[in-house]
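In order of appearance the chains are A, B, C and D, and numbering begins at 1 in each one.
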Amino acid sequence: MSFSQSMKKLAAGVIASSAIVYSGAVMAADTIKVGVLHSLSGTMAISESTLKDTVLMMIEEQNKKGGVMGKKLEPVVVDPASNWPLFAEKTRELITKEGVDVIFGCWTSVSRKSVLPVVEELNGLLFYPVQYEGEESSKNVFYTGAAPNQQAIPAVDYLINDLGVKRFVLAGTDYVYPRTTNKILEAYLKAKGVAADDIMINYTPFGHSDWQSIVSDIKSFGSQGKKTAVVSTINGDANVPFYKELGNQGVSAEDIPVVAFSVGEEELSGIDTGPLVGHLAAWNYFQSVYNDSNEKFIEQWHAFTGDDKRVTNDPMEATYIGFNMWVKAVEKAKSTDTDKVADAMIGIETPNLTGGMAVMNANHHLSKPVLIGEIQDDGQFAVVWETDGLVKGDAWSDYLPGSKDLISDWTAPVKCGNYNTKTKSCGGAAAE
Amino acid sequence: MGYRFSQTLVAMLVMLLTCVSWAEQALQDTTVPPQTEQGLNSGTDMMDADESNRVVAPPTINEILDQLTSRSFDDKEAAIRQLANQNNPRVIPLLNALMNRELVHNRKDDTIALGEKQDGQWELRDPTTEEVVGHVDSRAARPVVINNRLRTVINNQLALSGLNDPDSDVRYQAAGQLIGNDDPEMLTALGERREQESSQRVLDQIETALNIAALQSDDLTARLNAIDALSGNLHPEVKNSLNSRLSVTDNASETRALEQALKKIDARISTFQTADTVFFGLSLGSVLLLAAIGLAITFGVMGVINMAHGELIMLGAYTTYVVQQLLPNSHEWSLLIAIPAAFLVSALTGILIERFVIRFLYGRPLETLLATFGVSLILQQAVRVIFSPLNRTVITPEWMSGALEINPVFSLTYNRLYIIFFALAVFLALLTLLKRTRLGLQVRAVSQNRTTARALGIRSERVNALTFGLGSGIAGVAGVALAQLTNVGPNLGQSYIIDSFMVVVFGGVGNLWGTLTAAFGLGIANKLLEPMAGAVLAKIIVLIFIILFIQRKPRGLFPQRGRAAEE
Amino acid sequence: MSALDNLRETFRRDQVFDFMRQGTRAVAPGQLDSGAGKNILYLEDITVSFDGFKALNDLTMYIKTGELRCIIGPNGAGKSTMMDVITGKTRPDSGTCFFGQTLDLTRLSETEIATAGIGRKFQKPTVFPEHTAFENLELAMNDAKGTWHSLFTRMSGEQKSWIEETLAQVGLLDDRHKVAGLLSHGQKQWLEIGMVLMQKPQLLLVDEPIAGMTRQEVERTGQLLQSLAGKHSVVVVEHDMEFIRSIASTVTVLHQGSVLAEGTMDQVQNDPKVIEVYLGE
Amino acid sequence: MRDSTFKGALSDRTARTFMGVLFGATLLVTLLNQIFPPDSALHVSAYTVTLLGKYLCYALLALALDLVWGYCGILSLGHGAFFALGGYAMGMYLMRQIGDRGVYGNPELPDFMVFLNWQELPWYWHGFDQFWFAALMILLVPGLLAFVFGWLAFRSRVTGVYLSIITQALTYALMLAFFRNELGFGGNNGLTDFKDLLGFSLQSDATRVGLLIATAVALASAFVLCRWITGSKLGRVVLAVRDAESRARFVGYRTEHYKLWVFTVSAILAGLAGALYVPQVGIINPGEFSPLNSIELVVWVAVGGRATLYGAVIGAILVNYGKTVFTGVMPEAWLFALGGLFVAVTVFLPQGIVGLVSQHWERLRKRFVKTGDTDDTPAAQGEHS
């Protein structure tokens, strides 16, 4: 009996829950809802909570300007808690329950992969602001971060042309972004005539903290006479001990420079950069870039967070660009309907924070400049090299056998995320 | 003589080059290929340029410096070389200033000055006279950006001057910097230095450098002597230059000599590399030991599964951070304060946990596991709320950074070295505490048999609190050490908790020596496996080994009798 | 059901375990060649030492079939250790311990020894606290003990009545549905004895059966034990001389891990060595 | 004394009430979702359906843990591993179902293998295109792992804390292993972007409802199974092993066999839960192996109340519902809440919510009801470790 009573409680609970859940589904007509899907707890909170604040800041600014099409923007923030299935669930919640018109969110590839089927099913709109491995182009997703050809390849070019590097260590955390990037780089380097035994590839688990052996391997690999550099796709937390070990084993940037793709101002703010001066990073944006729009953005950011030590970084710029593009697209389409906006998005231009214009291409990737910066002792980067003009984001890498024939073009007549130029057919799920 | 001439020549060429480059500022974009060709053709038209520009007066330091306002690194390099060639007392300080980003580009009048950040403003000084020339706000001026190439140039220049420094360490560094450098200017400098050098180690460096250069000489005997002198020399440059020589030489005797020399070098290298691996193992072991030893107390002696142990370590690390914040300009010794501070913070937290949670759960270890896990979540989130989820910077003091270089291939990094000693010190301290002191006696008594101990009038309540406090405190101390190696962030604890449990269980619960053996054993095993299996696989293998080992000996390496063992 | 049978066959744990046992074999109760008059238990030069301290020191002792043997001795004489050796809880460092002619107890596990027909009542009554008295006896009942059997088995009428009888025998009929944890100390003692009986053992080891019992309870326990003798062999460890006298039988005095004296109560009590030891305390 | 046969378990009141409520709720949601059009006020969104489905999977998992922990006293901190293995088995089937609809349109290889340019399918992927095979593996793989692991552990009498810790080590090792891309399970990204299950599109509401119902049925049957086990003599022996293992040995039970049996059955149930979980949440990745998940799972059971079966189910659903609400409303507070829950339950409510409720209920009933009918008093908790 005690039992049956508690079961009744349970039943009540279930029904109550469904009631609550559905009650949210009533949409407010006079505002445009903007979903924010970034982890605020768990391991990824470190990076993602910043982007949440960025979106909120942008929304605030936009509302100051009177919102979009006369409607105020209303942020809806949820916490997927660095739990991948939860990302999918929360996306569904945002779209069906909250009825948001656009979602800004995700950081890790796996979270995006988990969200992808949901946004496609519910025909939502997702802006993904982080550099990633490419090999994807969805009708419902706009990728405002860098594709490998907007980060990895120019960086390697710089190493070869400017620093005369002949030997490469490709060190990465063992997940899809480094794996793919390194595959691409390996192919690219070989195409450039780098011998196979001048390339060393090494993978480590997430949060790897004991780098002694690997760094000493790199050291001996680098002491073979030819100029050596490390191309690092090491992720987040593992970087601090990595750089510390480099510093302690006396690997200076002059001997073996490390060029990183996942180390930005935010990550450096957790490191004593004294010993790291001269190591490199390749991004599409650095806080130290000097121009008015950036200065203004930084001021806004400091004002918004009430902390003038808070740094800005590349994913924030990507968010900034994505948001402004979305606003423009909505006003161009005069509607928040996904398909209309998605069509309007293509070709939209908004200023980026490095003094140029960002362009949204037909493959849902941006054209951006590529900058290479050297770490300075104040935790900032000093730009030492820059592509002249913009680099067009490439959804499908030309250096991977699987995808060299694939292109993505969401404009008529192709309208396909993975169009095979050989078979002239749109193979696979992303097709309409 | 001709040397001086060529010097002035270079100076003038460079001036011309910069004029050209200014004229072409518009065309000057920062992409590399155009730049290099820019460098080249300006190089060619320099040749005829110098004919016409003989008469130009030598530029002042400031004029040279102002070329650094250019965005092109080639210009900057030229300027630096030119600057270095002035024999002027200001050169070295200015080069250093450039290295330390104290030379700033004043955007107002497009000049270079010595700058110092003072409350959001730049205080600008004249490069030569060092007198204050004015203040501008932080945006109006930017430090001159240099890249690795320029750093190398500057370092070489500094090294050149360092060769004659009174301090032998500086000379040693300088000579080391110049090894493998075939710039004739450098070599002559080295040659001059060799004559008057007194310190042996500096002399060795210089010899190495010169011998490497000698490998390229046309005189066979000179080469053979050089090879002979270099054989067994571990400096990486040596091996490379020998190898490259081997690839070009056609002389049989030289080839033989080279091969012998290389064989000797390789043999030495391999021995030192094994030594290296062992050191890595020890160092990993010491980390495990630090992380686990506190647990050995709370788990081993008290039979409490403290899942919050990792977070106590984390607290210790954050304490280190806070202490450094409180003593901003004494990073060298703030660690010494952090250690007791961390101990207290964690110990107090531990005592609180014991008083408010664990006290009710004695004799129910599995319940303590759950409760303390809850505590760990709370502590983590608390830290997130207080310090933000971002990692915190803990500065490594000078005396802990760098490495003790035994030879070019074998060097022990100081922080690891200290941490090994530190871990052992903590271990011994704990051991004596338990064996020698009254508290230790009581602790052991309680751990053996609670009721009897109580009967003997030991206030086991108090003892429990203190023991737990002790274990936690040590966790805190471990945190101080780990802060030197890894991230100080909310997840610091989680990454160590499982390993620590493995160590304790593997070593045998309640047996400190077991913990010691296990920690170093696992550490070294891990490092020996890593090269062949890779980091992840090595860890997995070790884990599986432990699981199987526990099947064979459920009580670990050194089983212990007593209450904890009966759970 | 046939599918289930196959499943059962494939999942037979005991089958899996067979090849793991080194040379020992499970023994079904009853198959034990020990005719009357012969000894049922042979302990020969058993030595057990816990880091240095010898709990048993060349202990040699025989128990006849059907006899009621009392064992006395000061604390630390090794009484409980002896029982541990017999029941396989402790392995002797040296010496042999045979149950009947063939079974080397030192090579069997507790479980095998129990199934072979040795029941033990512990010094501190250990029953299953969460189960009712009835269930305790059911669990102890001499019956197939495999997992799948216990999953599908249902209690037969006679099994029920047998349990009821035993409950009556140990005077717990009225409390049969009481959770064992809530029984009084004395009742627990009996319940445990009852459980031992349900095992249908040839040899009962009874460790301090009357601790914490009232007079009447003590008497009933005495009668119970005596009634058991004959059908079973019973070994009783007790401090209480009165009690031992009351169940008059052969007495063995242990001291420092070996037999000091053996005989009737009177013989033993007048033995100078024994007196010396006991006054020595 | 309950009728200890399977039919008995099926017909006993607890099981009937349980199934009543369970199917009631499921049916309600189903109808609300299927009958009413999306815009109607009474419509229940697919979101709610999958959410409920997820809860039920967790409930099944909790049930499995309760069987080993509550009844056998084995605190496994590795049950997440069995859950995840079941999940991966199902995930592999779903991956193969995608066929050439992957982004590379490769009929043989899943996408992640293509862009890591693997040449052919690893041997252990073969067969997973057949549902029956996958289904078999779903039960077999976790079961086998549990059997081998348990056999080693219980035979050498690893108990209590030690067991808990090595189970944790087990799941930790598996997590590290599955994070490796070389292993061929998609590394950190795991398996995702599923298309359909047995030909039903996973995107359609009907399939979702179907999965929900399937989960409900699975949970119900698992519940009955557990009731049967715990009601049988085997259940009583297991309880005896929990409370006084050495006694159980001395009355002639091979306690290690019993532990192993229960451990394995429980692992199989966990695997089943995982298999039902994956198609509903749409992704399986090594995160599921993380020791934290397994510990959290323990708390569900503790909150609900150990050794009551339904306690575990209630606990799982309540805690996860709380999680859903909290992470929506005040994310920062969630971990505080969860942590507090751990402490509070272990220190103040050793018997969990069910214990609390039943105590009050008993008191009330004593006051009002005359006839003392002793059915369904949840087995009191002992301090066993």
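We take it that a residue touches a chain if its C-beta (ideal position, glycine included) is under 8 Å from a C-beta of that chain, and two chains touch if they have at least 3 such contacts.
In this text the structure is predicted, and so the values were computed from the model without any measurement.
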Where chain B and chain D overlap in contact partners, by chain label: A
Which of A-D and C-D has more C-beta contact pairs: A-D
Far-end chain from chain D, centres as C-alpha averages: B
Centroid distance [mean C-alpha coordinates] between chain C and chain B, Å: 68
Chain C and chain D: spacing of chain centres that average the CA atoms, whole Å: 42
Chain A-chain D separation of Cα centroids, rounded to whole Å: 35
Mean-CA-position distance for chain B and chain A (Å): 29
For chain D, residues that touch 2 or more chains besides their own: 155, 176, 179-180, 332, 335
Multi-partner residues of chain B (at least 2 other chains): 381, 384, 536, 539
Touching chain combinations (by label order): A-B, A-D, B-D, C-D
Chain D-touching residues of chain A, taken from the complex the two chains share: 1-11, 13-15, 17-18, 20-22, 25, 40-41, 78-81, 83-86, 88-89, 92-93, 96-97, 108-110, 113-114, 116-118, 121, 135-136, 174-176, 179-180, 183, 203, 205-206, 400-403, 406, 417-418, 420, 427-430
Complex interface listing, chain D residues touching chain A: 13-14, 17-18, 20-21, 24-25, 28-29, 32, 41, 43-48, 50-52, 54, 98, 100-106, 112, 114-117, 176, 179-181, 187-190, 192-195, 203, 281-283, 285, 287, 308, 310, 313-314, 317-318, 321, 324-325, 327-328, 331-332, 334-335, 353-354, 357-358, 361-362, 365, 375-378
Interfacial residue positions of chain B with respect to chain A in the complex: 29-33, 36, 73, 101, 139, 142-143, 145, 147-149, 151-152, 155, 236, 239-241, 243-244, 273, 276-277, 280, 283-284, 287, 381, 384, 389-396, 401-403, 405, 409, 411, 413-416, 484-489, 491, 495, 527, 530-531, 534-536, 539
Residue numbers on chain D that touch chain C, as the complex places them: 1, 4-5, 151, 155, 229, 232-234, 236-237, 239-240, 242-244, 246-255, 257-258, 260-261, 379-380, 382
Of chain A, residues touching chain B in the complex: 41, 43, 45-46, 49, 158, 161-163, 174, 203-205, 207-210, 212-214, 216-217, 220, 223-225, 237, 240-241, 244-245, 247-250, 253-254, 257, 266-267, 269-272, 274-275, 278, 290, 295, 374, 376-377, 382-388
